[in-house]
Amino acid sequence: MTLPWAEVVEIAARSLGVAAAATFLAALVGLPLGVWLGARPRKGGLGAQVLLYAGMGLPPVVVGLVFYFLLSRSGPLGGLGLLFTPVAMVLAEAVLAFPMVAGFTLAAVRARADGVRRLVRGLGGSERQVLTTLLWESRRPIVAALAAGFGAAISEVGAATIVGGDIRHHTRVLTTAVVLETRKGELESALALGAVLLGVTLVATAILVVWGERR
Amino acid sequence: MKRILLLGLLMGTALAAAPLRLATTTSVNDSGLLDALLPGFTQETGIPVQVIAVGTGQALAIAGRGDADAVLVHAPDLEARFLREGKGVAHACIAYNNFVIAGPASDPARVAGAASALEAMRRIYAAGAPFVSRGDNSGTYHRERALWKAAGLEPDGQPWYLESGSGMGATLALAAEKRAYTLTDLGTYLFMKDKVELAGLYDRPDPLMLNQYGYMVVNPERFAHVNAEAAYALRAYLLRPDVQQRIGAYLKDRFGKSLFNPLYGRCKVEVEP
Amino acid sequence: MIRARGLVRRYPGFELAVEALEVPTGRFVTVIGPSGAGKSTLLRLLAGLEEPCAGAVERRGRVVFLDQDRTVLERSVLANATFGLELAGVRRREAERRVRPWLERVGLADKLRQPAQLLSGGERARLALVRALATEPDVLLLDEPTQALDPGNVALAEALLREAHAQGRALVLVTHNLYQARRLGEETWFLLGGRLVEAGPSEQLFTRPEREVTRAYVAGEMVY
């Protein structure tokens, strides 16, 4: 390993932080949307389903490029100065995680919606109460949706490189560091960083699942 | 106690100047030269430097959109165009080294005995020996294409001509794997020498093999927010005689020769807008 | 109390049309008819779970609907039982206090903390009843509440329903069990092909029906 371990820890912490923030953002929009779409009574919403499921296959580099053009100084949001910062990476990764979170939530809620609606409305509950009950009832598959979104975010390299710039001590994360070490020919280092990435993802996902199971 | 430290850190970062964004190439960055030089700069001026290392083409594209404050590449004709388009100012020649033609030790195309770089390329073409090109917009790639052109040869479409699309290190690894020839900058070659089975077959100081590194400030009149002050400060720092000496000495003892030869501001290849 | 006028509900290939229907306060109505006659649909319309294509339903008081599926939520037995009350805004602790006697009554007191998913069919049916009855509804609409239950569970459920009726609640119970329909009902409706063929006091409908098709059905014959 050519990197000092303190730097590896720094990079790993950044990977974790950026991916967690991205998943949080994706969930903020994706969970309510998934529940709402999944709970809709009629067969409508097919278009949204198609979009979300297709979105899971969004090419990360394309997302990265779009954000690059948006956030570039020469671009419409250039004044924000977000390019080549961790914030830009969070945004791009959030877009990539969003279809996972929303799509899996939609599927889980859809499976339960009819039964829960009959139950809640039957007991005199409102449609809003149907939605909150569905959210709670689907919590296990929702945890899976969050884990999928987190996995997509933390393993991201294409978009992260383009909008982050892989700047040392600033926007370097585990994935971009692996690419860098590989490019330099330091393959053992790259592999070691890859192992750290796997370890971090495993631990984070385990925490998420255990937390989900306890509720 | 922790709170005092945190406060001090925050104050310190607030007092430090706005960072300088430098777009440069992977070959410059991966050699570690910047890691060796920049901390001294930051210590003297208090300006932290954020290095974005990508291919030459991308570095110039990033700088050309105003997303960086300064750019350091090694492609004189692209640098000239950058100046011509008004995107960059204050060009300075920082250092140079040579390109090297590397290949299998068995040297089937007999490159080692070639009298000139062009002759070496002709021998490779004639032998139909496998050749790996960068295939991107890097300085190395531009030089390689220029060599083919000067030799009057067109390798595109030839079955032995491979384009890797990768960085220099990965390209060298690929070339070694395929027992192919390739054009490489000296720095990356020296770094990879122990890891890949490639010999530096043509490394004579040939005018066509000159690899000159140029620094430009992104034009503050074109992009209002550019940290021009910091960009000029780094330019001055890099041209300072003592820093230039350090550039020349970088890893000299490890490899027995300079990775980067200082120019003391005198360009070997003139870059005019 | 529920009153319906000019109700129409259409699906592809099926139409339910009932001119006038009333569930007076405190009345125990049983609903019979072959599969596909529209009994469940009618119940859902009365409950307000579905909107009619034409006509209107007027409800007075608290109306609660119990589905055939006996849906339980992914939580403990106790939490399932209090769900109805909590939907109505009762606080958790108070809801638990009210529900405990019910759960003891139906023999689920030792399973309070268990995941409701683990309950047997009969236990789920009892839980669903408790959940509904705890909210003290004015009208209870039940879609085959004792279907596929063993005799002991059937007896317990019927006892609970009779008690609810004795407390002044109205009930509308859809069932395939003609004996149950006659046993429990004050009034019985016979549905066939989306139409209300006959309605009247239960004893009379079963012993001296007005229509031939009603007689045939309660005699156990296949009717179309």
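In this document, chain identifiers A, B and C correspond to the written order of the chains, with residue numbering beginning at 1 in each.
The criterion applied here is as follows: a contact is a pair of C-beta atoms (placed from the backbone, for glycine too) under 8 Å apart; a residue touches a chain by one contact, two chains touch by 3 or more.
This one's a predicted model, so the numbers in the text were calculated from it and none came from an experiment.
Enquirer: What is the identifier of the chain with the smallest separation between its Cα mean and the overall Cα mean?
Expert: A
Enquirer: On a CA-centroid basis, which chain has its centre farthest from subunit C's?
Expert: B
Enquirer: Centroid of subunit B to centroid of subunit C, CA atoms only: how many Å?
Expert: So the centre of subunit B lies 80 Å away from the centre of subunit C.
Enquirer: I'd like to verify one number: the distance from the centre of subunit A to the centre of subunit C, where each centre is the average of its C-alpha atoms, in whole angstrom.
Expert: 45
Enquirer: State, to the nearest whole Å, the distance from the C-alpha centre of subunit A to the C-alpha centre of subunit B.
Expert: Once rounded, the distance between the two centres reads 36 Å.
Enquirer: Quick one: which residues in subunit B touch 2 or more of the other chains?
Expert: Within subunit B, no residue touches at least two other chains.
Enquirer: Mind listing the subunit A positions that touch subunit C in their complex?
Expert: Result: residues 115-125, 129, 133, 136-137, 139-140 of subunit A touch subunit C.
Enquirer: Using the touch rule from the top, collect the residues of subunit B that touch subunit A in their complex.
Expert: Touching subunit A: residues 21, 26, 30, 50-54, 65-67, 166-170, 172-173, 191-192, 195-196, 223, 225 of subunit B.
Enquirer: What part of subunit C is in contact with subunit A in the complex they form?
Expert: 47-49, 62-67, 69, 71, 73-74, 83-84, 87-88, 131-132, 135, 137, 141
Enquirer: Of all residues in subunit A, which touch subunit B in the complex?
Expert: 72-75, 78, 81, 83-84, 165-168, 170, 180, 182-185
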